[in-house]
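Taking it in order: structure first as C-alpha cells, then the write-up.
We just call them A, B, C and D in the order they show up, numbering each chain from 1.
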Amino acid sequence: MQAGEELSTHLRTRVIELTKMKGQGHKIIGYTPGGYMPEELLYACGAMPVPVGLIRGGEHEPVLVAGAYLPRWLDTFCRAQIGYKVLREEALYDLIDLLVVPVTDNNIRAIADCWNFYTDTEVFRFGVPHSKTDNGFQYYLEGINLLKEKLEQLTGTEITESRLREAINLCNRERELLSELSLMRKFERPPLSGRDFIELNHASFLADKKVMVEALQSFRAELKQKEAPVPGWPRILLTGSTLAFGDYKIYDLIEGAGASVVIEEFAEGVRHFSEVVHTDGALMEALADRYFVRRVPPAWFRPARERLDYLVKLAKDFNVNGVIWYQLMYRDSYDIESYYFPDILRSETGLSMLKIESDYDVSEIGPFRTRVETFIETIK
Amino acid sequence: MYSEFFKLCGFEAEEVEKESPRIDKAFKIAGIGVKDVERAEERVKKYFDTELFGVRQALKIWLRRLIDLVLAREEGKKIIVYPSWPPEPRVVSMVAMASENVFCETPEIVMDIVMGQIFGKLNPILEAAEEHGLPPGLGMCALNQARVGGIAKGIVPVPDITITTSFLCDQTPKTDELLYELYGVHNIFLDNCMDAAWEEPMESSPRCVSYFAAEIRKVVEEFEEATGVKLSEEELRDARVAYAKPVYVYQEIMGLMKKADPQPISQVDLGLLYWLIQAPERRSLQEGLGMANTFLRETKTRVDAGYAAVEKGAPKIAWFCHHATDPTVMHMVEDLGLAIPVTAVLWTPPWQRVKSQFTTFAERIADQTVRGGINRSTMGAVRLFQECCKEFNVDGFVYLYFFSCRPICLTALMSKKGVEDELGIPVLALEGDVWDTRDYSTEALRTRVETFAEMLRAAKATKIGQIM
Amino acid sequence: MEAMQKLEEHLRTRVDELTKIKRDGGKIIGYLPGGYMPEELVYACGAMPIQLTRGGDPEPVAISAGYVPRFLDTFCRSQIGYKILGDEPLYELIDLLVAPVTDNNIRAIADCWNFYTDLEVFRYGVPHTKDNLGFNYYLDGLNLLKGKLEGFTGTRIEDEKLREAIALSNRIRELFKEISLTRKSARPPISSRDFIKLNHASFHADRSIMLEVLESLTKELKRREAPNSSGPRILFTGSTLAMGDHKVLDLLEASGAQIVIECFDEGLRDYWKNVANNGDLMKALADRYFMKKVPGAYFRPSRERLDFILKLARDFKVDGILWYQLMYRDGADIQSYRFSQILKKELDIPMLKLQSDWDMAGEIGPFRTRIEAFVETIGRRR
Amino acid sequence: MEYTNLFKMCGYELEEIENERSRIDKAFEMLELGPKDIERALETIPQNFDIELAGVRKLLGIWLEELLDLMLAKEEGKKLIYGTAPGFPCECLEAIRVAAPDKVYCANPEFLLGTVLDSLFGKHDELVEVAEGYGLPPGFAHCSVGETKLGGVVKKYIPVPDLAICMGIFCDQTPETEEMLSEVYGFPQPVYVDNCLDLNWDEWDKIPLRKIEYLASQVRRALDRAQEIIGVEITDDHIQKARVNLFRTLDGLMSIYGLLENDPIPISVGNIMPIYYLYFNPIAGREKLIEACQTLHQEGRQRIAKGYAVVPKGAPRVLFTCLPNIDNSVVHIAEKAGLVMIMQTVLWPIEAQRKKTVQGPLLRLAETYLRNPYLCGYGPINMQWIRETSRHYNADGVFWYWMYSCRVQAALNPIALRKWITDELGLPVLILEGDFHSTREYSGEASRTRIEAFAEVLRARKAAKSN
C-alpha cells in the first residue's frame, strides 16, 4: 500500500528529525505506557512525546541484562526497559529530556525508579488511583495539573486554552481514524490483518501527528476500495497486559496457524482509541474524564471487573471464535484474572480461551507454536 | 491429648479444661491431630525460649486467635472481616474494636504463625491455594496463598467483608477480587498512589495524605454502610492508642537491643510479638500491651544479667524482616554468631516519630502511613535502611527479599547499592521468602550467611588491627 | 562428631586468619577448579592456594548476565557474579589467579576476571588427550607455573620444600580416600553432606589443622556406631559440585536416599591417586595430575571417566545414579546421553539426570518431584 | 525426475547436466530429494541469492557438485576422510586431498549437507530436528552444526568415513559429538587435532614456540594416520601446496569484499557467504571456486561502473563477525533497513598475524592459526583486530552476530567486547544472538526490530556528526 510506504519512510527518518529538533531546542518527553499520559499536554507546549518502553519490547537480551539491576520477579517488559537503557541500543531513549511516569503499579514504578537510580534522566511521577471514585478522579486531575505546570516550566511555553484545544482536536482526529480502521475488522473478511493494524497503532506513537493523521486518512481511502486480502479465517480477540513495539511473535504465530486477530485489548503498548476527549467544558477536566474515568481500566484496577465485561462485549461485537490471552511473566494481576475469566467468558459467550505467558525468550517460540496451532484447530 | 502442649504455651490447666470443647472443635476443623500436636510441642521446645513468660503469653494468644478464627462462624459472629496484609494497622484496629458483633482478623498471618511456625503444617494450605487461582511458578505471594488456601481448605470461614489494603501491593487486591469471584465476598479497597518524587523529603506530601485520608474515610463509610456498625471518633482514637502502645513498647525493646552486647533475646522469640503488632486483632489489642511489657521487662532483666542469646562481641547486622513461617532461618543466623539488634522494616525512622501536624484522625493516620519507608517510595525505603543501619551502628545488612513480592524485589538491589555507598558496610541481597519454606534451601542460605559472617568478622578484625 | 566441630570452628576464623597472613605479606593464590593445579607447588613456595569453589546461589548468576553471555556453564558465569557482588570474602583476598585451561567454560572465568578486575591471571593449558605430546605440553605448563610462582612470591621452590609439600598432600589424599572408602559398608559411618563439607573445606583450610581433623576423624569413624541407614544408595556425579550448592543434596536426603560416593569433574578434591614422591618431582606431579587423574567430560576421548563411574557404582553397590550437571555444560550433557546407554548395557541400574541453572525458587519444586519419584522407583527395585 | 532448471540456476551447462544425470539421480536418491524439494529449491535460491550474477550461480553449482562427490565418493572407489566443523586447520584436509586427489575425497560433511539442504533446498532444520531425538536435545544450546551432522548420520545421508579427523583446536562440542558418533553410531574412533587455549592476556603478539610445536605435532599425527589410509606419503610440499591453495582462495574472497568498499555497494554481502563457507572446506572444485570469484568480481566492477546500488549511497557501514550460511534473511533485513555490512572481521589479517617466527610449512601453518583471534577465541587479539579493521574501513559500528550455541564465541564474551569497543573506539555495537546453521530458534524476523533500531542509532549519529 502506498500510504504504508510513505509512513515507513517517515518513520525511518524520524529519529534523525527528532535529533535535529532537539538540537533546535525542542524538548523530548518520554513516558511509560498504560494510556494515562495525555499526549495533548505535550503537543500543547510544543514538546515532542516519545513513548518509552512502549516502543520497544519482545527481545531477550535487554531482559537478561536487567538481571544486574533488578531481580527477575517483576514484569518482563518493565525489566527490559532498564535493559535497553543501559544497552543504549534504542536511539530514542537517549534523546529524552524528561521521563513522565504515570504510576499505575509496582512494575511500572520499577521503570521510573531504575531510571532514577541508575541513570541521570529526570523523572516526573504522578499517580494513577486504582478506583474510579471521586477521590480518584480528583487525585488524577491534580496529577495532570502538576504535569501541566512541570511541562510549562520545562518548555517555557504556556499551555493556553486554545493550543490545548487544538492538540485535543488533532489527537481526537487520530483516535477517530484508528477506531474507524479497527471497526473495519468487524467485517467477515477484514480488509487489513491484525499485524497491519497493530503496526499502524504503534506507528501512531512515533510518527508526527499530522503526518500520521494524513497517513491514516489515505489508508482508510485505500482500504475502502480494497478487496479484502484476509481470508475468512477463525477470528481471534487478543488481550493481555503489554503489547510492545517489536513483540509481534504472537501475531506471527496466530496468523501462521491460519487465524486472524480482529480486535485487541491491552493495558499497555497500544493506543486506546475508542473514547475521544470532549471539548465542551473545562479541558483539564475533560482530559481527566477521558483518560481516567471513561478509559477501560487495566487488571490492576480495584475492582477490575469492568475490563472483563468489556472483553465479553468486544468478543460479541467482533463476533470472534476464540480469545487469546497474551501476557508477560510475573504480571500477577493478569495471572489471577486469567484464572476466573474463562468461566465468565464461557458462560457469557460459550467461547474458550488460550493463555500464553512470555518472558521474551527465544526458546518459547516452539512450545507457543504448538499450543496456538492446537487452539486454532479446536475453535475452527 | 494436648493439655501438655497448651500448658507449654502458657495455658493454665483449668483454662485448657474449660476451653477443650472449643479446642476440640477447632482442631477437628483445622485437621490438627495427635501427631501434629506432638510435632508442635517439639517445635515450640526447639525454636522458642519458653523460659520467657512473654513468649508463653504470646503463644497462648496466637493459639486462641487460631481457635477464635476457625470457630468465628459457628460461634455466631455476625460480621466477619478480613483485612489484608500489609495492613493499615490503625484502620484495622478501629474495625477490630468496633463492636462485639464484628470479628476482624488477618487469617493469612494466623495461618503462617500458628499453622506454619508452630505446627509446621502450612504447605497443604498453600497447595490448596495453588489449585484455586494462585498457581506455582508465577511468583505468587505465599501470604496471599495462605489467605486463599485457608478458606479453600475450609479451615477458616468465608468472610463477609475484606478490607483490602492496596497502597503497597498490587497482588493483594487481586487476591481479594478472587475471593469475590469465588465466594462473593464484599471487597472494600483502601488505595494509594506511590508517586512520591525521587528526592522528595520524607515529610510526606499533603496531596498524598489528603488522598489517602479520603480513602480511609471512604473505607469507614463503606464499612458502616455494609455492617450498620457506627464508628465514633472516640472509638477510632481509642483504637489508634490501643494499637500504638505495644508499638512503643516494641520500639523500647529495640532500644535495649541496640545498646545490648551480648544480644539478650533471640529475634525468633521477638517475632511472636512482632507479628501480633503487625496484624492487630481484638484479643491482641486487649492483651497485647501486657504481653509486650512482659517482653520488655524480661529483656531488661536479661541485659542486666548479661545473658547471651548470641555470643558477646558478635558482629551486628540489620535483618530485613522477621520470618513468619520458618523459625530456623533467623536461629541459623544467630547461631552463626551474628547479632540481630533490629529488623529494618518495622523500625520507625525519625521522620515518622514526629507528631503529625494534621488535625483530623484520617489525615493523621494517613500521614503516619505514607511517611518514609517502603510505603512511600523506593528512595523512601533506601533512606529508611540507611537511617536504620546508622542508628543501630551495624556492621552489615542482610536484605532477604521475598522473591514473590514485587515491591520488595523492586527495592532490593537499589537498597544494597544505596546502603553500601552511603555507609560503606557490606549488604547481602538474598533471594528467599518469609511466607513459604518450599522455595529456598536453609542450607544454601547458611553458606551465604556464613561467608557473610566471615567477611564481617574479618572486617572487624582489620578495623581493630588498624587501631592497634 | 568432634572432628567436624573442630573444623567448623577453624573455618569460622579462617578468612580472618588469611586476611592477617595477607597483611603480613603472605601471598594468596586463587585457582580454577578441575583438579589440574598441583597445590603442592603453591605450598612449596610458602604461598596459600584457594580454589574457586563457591556456587549454588541465584543472585550471582542473575548479575552475571550483564557481564558474560548466558550460554556458558552456570558455575563459570556465577564466578564473575560473586566478584561483582563482593559476596565471597575468599575471592577478595586473591593476589594471583592461576587458570589451568580445560575448556571454554573454565576459560571464560579467567577472561572475565582479566577483563573486569585488575587481578593478574596466569594460564596454562591442559591438553585433552593422554599421550606423550599431551604429557609434555602439560609438564611444560607446570614448569612455567613454577617459574611464575617463584617470581611472584620471590621464593625458590627447593626440591626439599616440594617433597615436603607433596608428602603432606599425599597424606591428606590418603585420609580422604580412607574416609571415603568407609562408605562401601552397608551402614556408612559418615554422611555425604559431611564428606563434601570436609572436601570443600580442604580447599582453603589450614593444612596442618586439616590433617589433624582428618586423622582424628578416621579414628572416630572406626569407633563410631554407624547410624542405621536403610535408604537407597546413590552415586552422585556431574560436572561441578560447588561449595554452597546444597539443593539436590537436601532434596535427596529428604527423600530418604543416601549418597555413598561422589564423582565430579570440578569442585571436589580428587583423592584417588597420589604423587610418586621420588625421582623428578615435576615429572611426578605431571604424571599424577595429568596421566593418572581420571579426566573430565571434556577429554578426548572421555570414555575413561564413564568407566570410572561404572567402577565406583559397582564397588559402592549403588542402587541408582544421580547425574547432576549445570546448564550449558555441553561436554557433560552430550556424555550423559551416551552414558545412560552404556549404563543400561553394563549394569542395569536407573539414572536420573538433573540440569540446574541455580534458580532457587524456580527449580526446587520440579526437582523435588523428580527426585522423589526416582528414589521411590529404585526403592522398589531393591 | 526433472531438475534441469535447478542445475541451470546453479550455473550448469545443459550437457554438463546430461553427463552428470546418473550421478545426480543416485545422489538425490540417497538424500531422498524428490520433485517437491526441487520446486522448493527453485523458490528458495532466488530469495537467498542474487542469481542474476553468473559468479553466484557458479558458486551454488560448486556446492551441489561437492555434495554429489561426497555422496558417491565410496562407490567411485575413493577413500573417504572427514574433518569436523569448524574445519580448522583446513590445510590439514586440503593437504591430504592434494596428496592424492584421485584416491581420496575429503570433506566436512556437515557443512556441505547443511548448506545445500537448507540454503538451496530450503529444507530448514530437517536434520537438526532428527538430532534432537538422538542425543542432542533442544533447549541446551547444542551446536546446530553438530546436530546437522548427527542428523545426517542417523538419516544415513552421511556415509561412514574411513577416517575421521576431529578438529578440536578450539571447540569442545565437536569432539564430544564425534565421540558419540563412534560409540553409538559406528563411526571410526577419531584421531584428534588438539590445542590449548591458554594464551596469557599479554602474550598475544608473541606466540610461544611450545604452542606452535604442539599444534603442529597434532596436525602431523593426523596426516600420518591419513597416509596409512590412502597409502601415499603426505610431504611438506603437499602442506605448502595446501596453504597456497587456501591463500589463493582467500585472495579471491578478499577481492569480492573489496567491492564492498565502494559506496554504494554493488552486491549484497549475502552472496559472499557461500564463498566464505567453501573457502575453508577441502573441496575438489577449488580451481572452479577461484574462477567463480573472478567472475563475480568482474560483474561487481561492471555494476559499480553502472552506479548500481543494493543500498542507497551514504548508508552507515558496519563491520561484522560472521553470518548464517543457510539463511540470508538477516542480511536482507539489515540491507533493507539501510545498514551495510562491509567486512568480516575474522578475515582481516592484523599486524600481529603477519609476523612469522618459525620456518617450514607445518610450523607456519600452526602459527597462523594460533594468531587467529577468532579461532583462539581470545579477547586482546580481538580488540586489536577490531581496532585495526575499524580504522582501515572507517566503520560506523560493529554488527556482532554470534552463534549462541558456540561456547567459543560465548567465551569470547561479546558483552565484554562491546564495553571495550564502545569505551575505547566509541563505536556502537549490536550484539545479536543467532545461529549460523539453523533457523529453528533464531530466524531473521525475530531480530528485525533490533536491527532496524540499530540502523537508526547509526543514522542518528551520522546526522549528529554532520550537524
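Observations
Here, a residue touches a chain if its C-beta (ideal position, glycine included) is under 8 Å from a C-beta of that chain, and two chains touch if they have at least 3 such contacts.
None of these values were measured; they are calculated from a predicted model.
Under the contact definition stated at the top, the chains bordering both subunit B and subunit C are A.
Contact count check for A-B and A-C (C-beta pairs in contact): higher for A-B. Separation between the centroids of subunit A and subunit B, computed from CA atoms only, is 38 Å.
Mean C-alpha position of subunit A lies 52 Å from that of subunit C.
Centres computed as Cα averages put subunit A at a distance of 43 Å from subunit D. Centroids built from CA atoms put subunit D at 62 Å from subunit B. Residues of subunit C in contact with at least two other chains: 66-67. In subunit A, the residues that reach two or more other chains under the touch definition are 69, 71. For subunit B, the set of residues that touch two or more other chains comprises 139, 403-404, 431. Contacts between chains, counted with the stated touch criterion, involve the pairs A-B, A-C, A-D, B-C, C-D. Partner subunit B is touched in their complex by these residues of subunit A: 69-71, 73-74, 103, 105-107, 109-110, 113-114, 116-117, 123-131, 133, 135-136, 138-139, 142-143, 299-300, 302-305, 329-330, 332-333, 335-337, 339-340, 357.
Residue ranges of subunit B in contact with subunit C, taken from their complex: 136-137, 139, 337, 403-404, 426, 428-433, 438-441, 443-444, 447-448, 451-455, 457-458, 461-462, 465.
Across the complex, subunit A is touched by residues 138-139, 337-338, 422, 428, 430-431, 433, 440-442, 445-450, 453-454, 456-457, 459-460, 463-464, 467 of subunit D.
Within the complex formed with subunit C, the subunit A residues making contact are 64-69, 71-72, 86.
The residues of subunit A lying in touch with subunit D in their complex are 12-13, 15-16, 19-20, 23, 56, 58-61, 88-91, 245-246, 249, 252, 362-363, 365-366.
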